[in-house]
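Here come two complexes built around subunit A, the first alongside subunit B, the second alongside subunit C.
Our next item is the complex of A and B:
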């Protein structure tokens, strides 16, 4: 976790939109996690992780809050549902959106020095 | 009041993944052998065989709830049933218009057969039914309620196409009265393993894709096989209730 990346750096590097949580862009990033099954994220991601998904349902915010994520990146160009954005602002979780597909996003994060969280 | 054995989740030969032996008369015959009084017909994203099974069921005294197993944009499977056949027809068109235009590859996925109540093939559906619609689970819940229908998240204990697996837990704001568990799990185990479903009544269904899988995993305790009675039982109201059987088969 010596990469020192903050959410703000990801926004710059991905050139993505900040749909919610713009006040929390100084969050430090721990590891990365990529999955579209929310139960899998709840079981596998951890405090400070950045999560890449194509899911836009409001439950992604609850999962983010529960897990203590530093940011959620909605990839693939699907705009998050309105209630998802509201909820993310309420919870203070940065919700980033990009038209880049998940694979590209993960590649860019990896190039920035972020590594995947490996389950024990 | 009395117990009525039910299996609310049965596919017909219209679902490409179901066997072609799942004809309306064969389904009714199998239901009769198993002592079922109520069955639900829920093909993937389509209701084209509902009327045929309902006709076959009426002749044998078996009540058929017509529905569709919708695949939402989150890859979640939900059973949708309606009080009126007209509402099911409206819903059918809306589901079709929310499906991508992908043609079925019969060799790979199986045939999608439309049948009459005698089991004669009257047509084939070309659009592949095994796709996600563009509708969210929230939208489906809202719209089905508007159409005086009922939404039951399907096989929530399964590792795929399940509300719990895909969305982590039961989202707020859905108009749900009960949850369906698969035949592979007991109600107690399901409630322990998935705490967010513990507050819901459970129904257990076969999700039959072949005749031998049809079975009564759930009993309704109520006056008779009418829509309003079924709703009361699913809500555990006015002395009516549903009770899933413990044994896994």
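Our next item is the complex of A and C:
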């Protein structure tokens, strides 16, 4: 985790929208995780990770809060539901949205030095 | 110390709240981050099972000196084949639930993976009870 990337750097690099949690853009990013199955994210992601998903409903924020994510990136152009944005602001989790598909987003994050969290 | 939360079936708005409060409480009383993470995952899956499958239920957390015990008791349709439900990828969740990223057949397997003991009992047409034990790491000097 020597890449030193903060959520703000991701916003700049992806040129994405900040839908919520704009006060937490200095969060440090640990690892990256990409999945659309919530239980998989619960088990696989960890403290400080950035999560890339196409899910837009408010339960992504519950997963983010429980996992201690640094940010959630909603890829593929679907805007997050209104109550998702409100909940993310309440929980103080940056919610970023981009029209780029998940694969592109992950590729850009990897190029920035962010790696996947590998659990045994 | 015991925590107890009521969980309503199909209430996706509050879903995850019990697990989040549990994890926060554990951290506040000084439980280590990895144990709190494991309890959080098990409590989350227990809570989501009630939201997705049952009418209503309770998630209880007993915090003891050497272990944390997570109870989930629901009124719901029950599980007819528990061994099958424990298999990764098996789920009876509906299509709309799956589209939300739930019902991937990972819930009970996650609970088993992150607990030291897991017991699932169920009566079809009545409900399901789950008891998961997570041992606390031995404290230094004890």
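In this section, the second predicted complex is superposed on the first by the 120 of 120 C-alpha atoms of A that agree within 3 Å, B and C clash if a C-alpha of one lies under 4 Å from a C-alpha of the other, contacts with A are read in each partner's own complex, and residues count from 1 in each chain.
Keep this in mind: contacts are C-beta pairs under 8 Å (C-beta built on N, C-alpha and C of every residue); 3 or more make two chains touch, one makes a residue touch a chain.
This structure is a prediction, so every number in the text was calculated from the model and none was measured.
Engineer: Superpose on subunit A as described above, then tell me if subunit B and subunit C fit or clash.
Structural biologist: With subunit A as the common anchor, subunit B and subunit C collide in the superposed model.
Engineer: I'd like to know which partner A:47 touches here: subunit B for first, subunit C for second, both or neither.
Structural biologist: In the superposition, A:47 touches subunit C alone.
Engineer: Does subunit B (first) or subunit C (second) touch A:39, or do both, or does neither?
Structural biologist: So A:39 meets both subunit B and subunit C here.
Engineer: Kindly classify A:81 by the partners it touches after superposition: subunit B alone (first), subunit C alone (second), both, or neither?
Structural biologist: first
Engineer: Looking only at subunit A, is it subunit B or subunit C that touches more of its residues?
Structural biologist: Per-residue touch count on subunit A favours C.
Engineer: Go through the superposed model and pick first if A:62 touches only subunit B, second if only subunit C, both, or neither.
Structural biologist: In the superposed model, A:62 contacts both subunit B and subunit C.
Engineer: So the two structures are superposed on chain A. Out of 8-16, 98-106, 188-196 or 224-232, which stretch of subunit B collides with subunit C?
Structural biologist: Superposition on chain A puts subunit C right on top of 188-196.
Engineer: Overlap of the subunit B and subunit C footprints on subunit A, residue-wise?
Structural biologist: 36-39, 42, 55, 57-59, 62-63.
Engineer: List the residues on subunit A that touch subunit B in their complex, please.
Structural biologist: Subunit A residues touching subunit B: 36-39, 41-42, 55, 57-59, 62-63, 81.
Engineer: Which residues, counting only subunit B, touch subunit A once they are in their complex?
Structural biologist: 74, 136-138, 164-169, 171-172
Engineer: Within the complex, which stretch of subunit A touches subunit C?
Structural biologist: By the definition above, subunit A touches subunit C via 36-40, 42-43, 46-47, 53, 55, 57-60, 62-63, 65-66, 83.
Engineer: Over in the complex, which subunit C residues touch subunit A? Could you list them?
Structural biologist: Within the complex, subunit C touches subunit A at residues 12-13, 15-17, 19-20, 23, 33, 37, 40-41, 44-45, 48, 100-102, 104, 106-107, 110, 113-114.
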